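Both of the next two complexes hold chain A, though its partner changes from chain B to chain C.
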Partner chain A sequence: MTDLYLIYKNMTRKPLRLFLTCFAIFIAFLLYGAVTALKGALDSGVEMSADDRLVVVNRINFTNPLPISYVQKIRSVEGVEKVTFQNWFGGYYQDPKQQVVTFAAEPESYLDVYPELLVEPEQRQNWLRDRQGLLVGKAIAEQFGWKVGDKIPLNSNIFSHKDGGQTWDFNISGIYTGEDEQMDTRSAVFHYQYFRETNSWNTDSVGWIGLTTKDPALNEQVAKRIDEMFANSSAETDTSTEKAFNKAFIEQIGNIGLIIFGVVFMAFFTILVLVGNTMALAVRERTGEIAVLKTLGFNASRIFRMVLAESMLVTLLGGLAGLGTAYLLIEGAKAAMARFLPGLVMTPEIAVQAVGYMLALGLITGLLPAFKAMRLNLATAFARG
Partner chain B sequence: MGSLLSQISAVVAMNIRSLPKRLWMSLAMVIASAVVVAILLAFLAMARGFEATLEGAGSDNVAIFTRSGSASEINSTVTREQVNLVGDAPGVLKEGNTPQVSAELYVILDGIKKSSQTEANLPLRGLDVTGVGMRKGFEIQQGRMFTPGTNEMVVGAGVASQFEGFSVGSELRFGKNVWTVVGIFGTGGNVFESEAWADAKVIQSLYNRGSSYQTIRARIESSASIDAIRDYIAQDPRLNLDVETEASFFAEQGKQLRYMAFFGLFISVVMALGALAGALNTMYTSVAERTGEIATLRALGFSNLSAFAGTLAEAMLLAAAGGLLGALAAFLLFDGMSASTLGGSFTQVVFSFELSTDLVARGMVMALVIGLLSGLFPAWRASRIPVVAAFRANG
Partner chain C sequence: MASETLYDLKAISKKFTRGKETITIFESLDLQIKKGDFVAIMGPSGSGKTTLLNMLGGVDQPSGGEILFDGKRVDNLGEGDLARWRANNIGFIFQFYNLMPMLNAARNVELPLLLTKLNKKQRNQFVETALTLVGLADRAKHMPGEMSGGQQQRVAIARAIVSDPKLILCDEPTGDLDRTTADEILEMLQILNRDHGKTIVMVTHDPRAAKYAGRTLHLDKGAFVEREAEIV
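Let's look at the complex of A and B:
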């Protein structure tokens, strides 16, 4: 009891300094929590993508099309289980700035290959039956206030409608949700058949082909077989796992992300070093008092514990407050940011890591002064004091 | 008055000379201010470089036509017929009877980035001599121009520096097509240097584009001609096109990274608050350690204003030193650093960080604000130290 009281008294002897130190730690962990959550959200596209699904794209670049005949050919490749294909539609709603990630796909096989899209059975049937049906993600349905049964127009910034203009009419036949909170539900999918019959180019090409294999262990073999099958044709293919494909895409944003997070983490650690320095110096000022405690009969290990506990308390006080504020900030921003950054959540991993850094900070800044206090030689201490 | 000034300068000089005695605390303050300034400048230099790359590309005397609603070059398509119609639009310049119109194609290829060894989107633009002539500051830096009708390409300096295998003379295979790089060009550091160029007709046949193109550029008298052209387009149902001056087209795309600058500013301000807390701690400690000294000076007849000025000067000096250090670090680390990211047309834009003097000035202002705020309150405390403290202090 007396130990705690002494620690408390020591901490609050200079309330202003305590406040300033805690505040600096608070800022450091506020930044850490918020920026790490942001980084997690940016990376979640890669994290969420399946490792056992393959993507087949045109070797030249994924924006170049593949002939639709490839779908049947790939279905017959040994080791392939389910195959679907899709085309990028370049959709937007009302204003070119309000983009809607829209694909033209083969509905049934699409839901087979992407089982993480959860649709109620009735809506699923609805969508499969309605040629003009549009399956939309929960996030965009909420953004535009769409409900099942609504009729909405979508424009394409790439294709033209056979009847003129770039507008297609759709019926919202279902709203899908993700099986994971971080999943991106900002896309809309409609029937490839409808797209093919109504676009002015009447193309027989698809954007890319997605497939699952009978066993993930077969992935490499299957990818090789597919690419070899189309080697030296007019449209060579490049087959990779969905994860590798998404990762490559995220990497296109480039070293910018790396630079930003690098800079922020550098800042985080600098604050910690500065604060640690201040805290360590604060203990030094108390040499005289510690000597008095020793004279009163406090043994060395007890003093060691007290000094260490104080620095731990200060870091945890500031750090937990900062982390908590970061959590509130992220929770508050989640709804507003859902359109740009789905998957913005503070995961338990982030929190655990942050607490780890707090403990490390408390330990490192407390250890040396505590050690010095423990070994303090009474004669020199009083001579100095 | 004269004596007050000499008092102040004496105290300031004394405080500064005694800084080494408070080495760790002083250093902490310098570093805190340096980090804040370095971060602020890194973000500002990035945003500035990206904007300069895009904004420098556009000309006010070139109009760019894209299919309405397509918003970027890659999504757009235009027909041969539309190209001809645009040539007759009012305000489009002619040389003899030939309208100065460039019909262009924009294809994306996979290039390997040197920095990460990963595939990244690289634009291949198809154009002809008229189109090349519309680019400001175009010059062949190495090799020669491509020969129309062949599988030859020239690449921008940015492509040559950031992607693998684009040196003059090298052969590249994209799908079934083999291209030969015959030259490297520069356009004064703008976005076109992130592109590869080849003959439009060759690209049409190699990529099954028939007689269609993607965008049209036209030389116009001045940016004022745009309105007349817009009216012309509106009256002809065959022309479902958007038109803008090239300058405003690229300026719009340059705004993309502006949010990055806001984000950077926000982070720096939050960081600055943390650094300020650290700096205040330093200055209060400094005042506490000098209690005896200050009180002694007061006993000798120095005014409390000199104690105030001395402490404030110390804080400002440390913060300014930190600011310079931070600016220097940002300059060494980031200035001229080449980076690339996805631009508006879904392809890589190569740009360099640009740390100009006005940005450095903004960084220094930030440092001085930190110095002022962290010096003000401790200086107030220093000026209130009673003379009697000189006799109580044991130092």
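Let's look at the complex of A and C:
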């Protein structure tokens, strides 16, 4: 028999209470694991944004276009290195339910500004050469079974052809992958020139302009220069870092961070009260036994460690089960969610953080009962019977 | 050996404060217990029998005076030293056995040995010897809830003697038992005293129980009234 055996026997002496306590902790860490991974997936675009990349959008709203003439003007701004532009296409494949995130862009500058898109050199050349070429992400290619060389139609739910149709024909010239597992590879890019020549309206405008600066330290100055350049024009600009832009875009659906903080805080607060109360009750019920152990010669610090360890084991037991289940759920849902949340993954950082929270919760909830057990006055405890 | 003093209580006092009132349990109490003694302490309720036993066991400390154990002062030891001293020298037997309900008999007996440096095999040997001595070797795997009161008290005795302490302190060891079982327990204590040389101090209400002791002390109004008991 060891102290650990004693702790285990104490912990399991009331199985129903142990189960209910662990179940509450299980739910809290299941929630924590799942929502933190979800937040990670939503934030992955933001996290992977380059530090030296800026986005220029219409000051009114990023859905309002900018004149294409701005691209050249921005290229001449001091501190700017590379500039590209994109236009939202609003594509779908065969069925409006099969959305394909598609942009019309200037190919060469696009790949220069977004070097994290990895394309085989031969496929890159194919795409640059072919006016109807479509560069697709690995995830979307796998979803629809597309291969290089395939000819596919994409429809737009916004734009139409000059001849009235809404279907554009493309040749799959290349498939790009990402540097990182969490990178979103669900989009497709085609030549802006093709879009401009075939599109029935709005041909002299672009959705937004992306650019890199010569040094991230220049970001603020460059953004200011660009916005000042177009101040008081018919299309004023709002220039921000890509990270800020992506964050603002995600936060259109709500402050995810705040929602997650709220859920996790409520769950953890509930555990704190529940486990704290359970531990206090357990120690109070065992006053006589603790007094006997102390009488036999178990010193105060050993009693303290035993009660604290019990509390931490309970939180670890429920917490690890919850976190493990969250991991299995995420792994199970990963494939189905890949289209919407390509970065949905429980990272080791999330797991380590969760274990840290488990230990902290165990410590907080066990500290007071352990202290009370440690300070237990033997004469008083025996007098109480 | 039998004449050597194990306990020497010099002018000990015990006072409690309840609100503004100070309650004196003892005032300048002296007591000597020799090695190998079997002492019964009797007295009316509230006379301070258990308080005295607690002080002998280092569970409670006197308000004044000195307690010497084997020639060394123990009343001024810190909590950690006191715990170590208890573990090394004293075995406790309680009225309501105070066994751990989630541990079987053998594991209950093993508890004091967790405070020693004995390995698992040695601990198991000690446990087996102690349980054999109290006649419960065949009940080693039984849980307290599966045993009678007398059997539980015998497990408690095994727990008290397993680490071979010099002294066994018993607080109403037969208070929860029927007459026949009580006699068995008292005979067992007598054997431990007579054949194994254990010094025993027992608090009891029961004059018949006190007859098993070699010496009976009557505690009344903070003072001892001593008279030799007839050995059964």
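Quick note on the criterion: the second predicted complex is superposed on the first by the 369 of 385 C-alpha atoms of A that agree within 3 Å, B and C clash if a C-alpha of one lies under 4 Å from a C-alpha of the other, contacts with A are read in each partner's own complex, and residues count from 1 in each chain.
The criterion applied here is as follows: contacts are C-beta pairs under 8 Å (C-beta built on N, C-alpha and C of every residue); 3 or more make two chains touch, one makes a residue touch a chain.
Since we're looking at a predicted model, the values are computed, not measured.
Looking at the overlay, what does A:T295 touch: chain B (first), chain C (second), both, or neither?
After superposing on A, A:T295 lies in contact with chain C but is clear of chain B.
More chain A residues touched by chain B or by chain C?
For chain A, the partner with the higher number of touched residues is B.
Once the shared chain is lined up, is A:I158 touching chain B (first), chain C (second), both, or neither of them?
first
Once chain A of both complexes is superposed, is A:R59 in touch with chain B (first), chain C (second), both, or neither?
first
Is A:N10 contacted by the first partner chain B, the second partner chain C, both or neither?
second
Between chain B (first) and chain C (second), which does A:A217 come into contact with in this model arrangement: first, second, both, or neither?
neither
Based on the superposed arrangement, let me know which partner A:L378 touches: chain B (first), chain C (second), both, or neither?
The second partner, chain C, only.
If you look only at chain B, which of its residues touch chain A in the complex?
24-25, 28, 31-32, 35-36, 38-39, 42-43, 46, 68-72, 74-75, 77, 107-110, 113, 115-116, 118-121, 174-176, 207, 260, 263-264, 267, 270-271, 273-275, 277-278, 280-282, 284-285, 339-342, 346, 348
Can you list the residues on chain A that touch chain C in the complex?
Answer in residue numbers: 1-3, 5-6, 9-10, 12-13, 288-289, 292-301, 378-379, 382-383, 385.
Where on chain C does chain A make contact in their complex?
50-51, 54, 57, 59-60, 79-80, 83-84, 86-88, 92, 94, 96, 98, 100-103, 107, 110-112, 114-115, 123, 159
What residues of chain A sit close enough to touch chain B in their complex?
These residues of chain A touch chain B: 16-17, 20-21, 23-24, 26-28, 30-31, 35, 58-61, 63-64, 90, 92, 96-97, 155-158, 166, 232-236, 238, 248, 251-256, 259-260, 263-264, 266-267, 270-271, 273-275, 277-278, 281.
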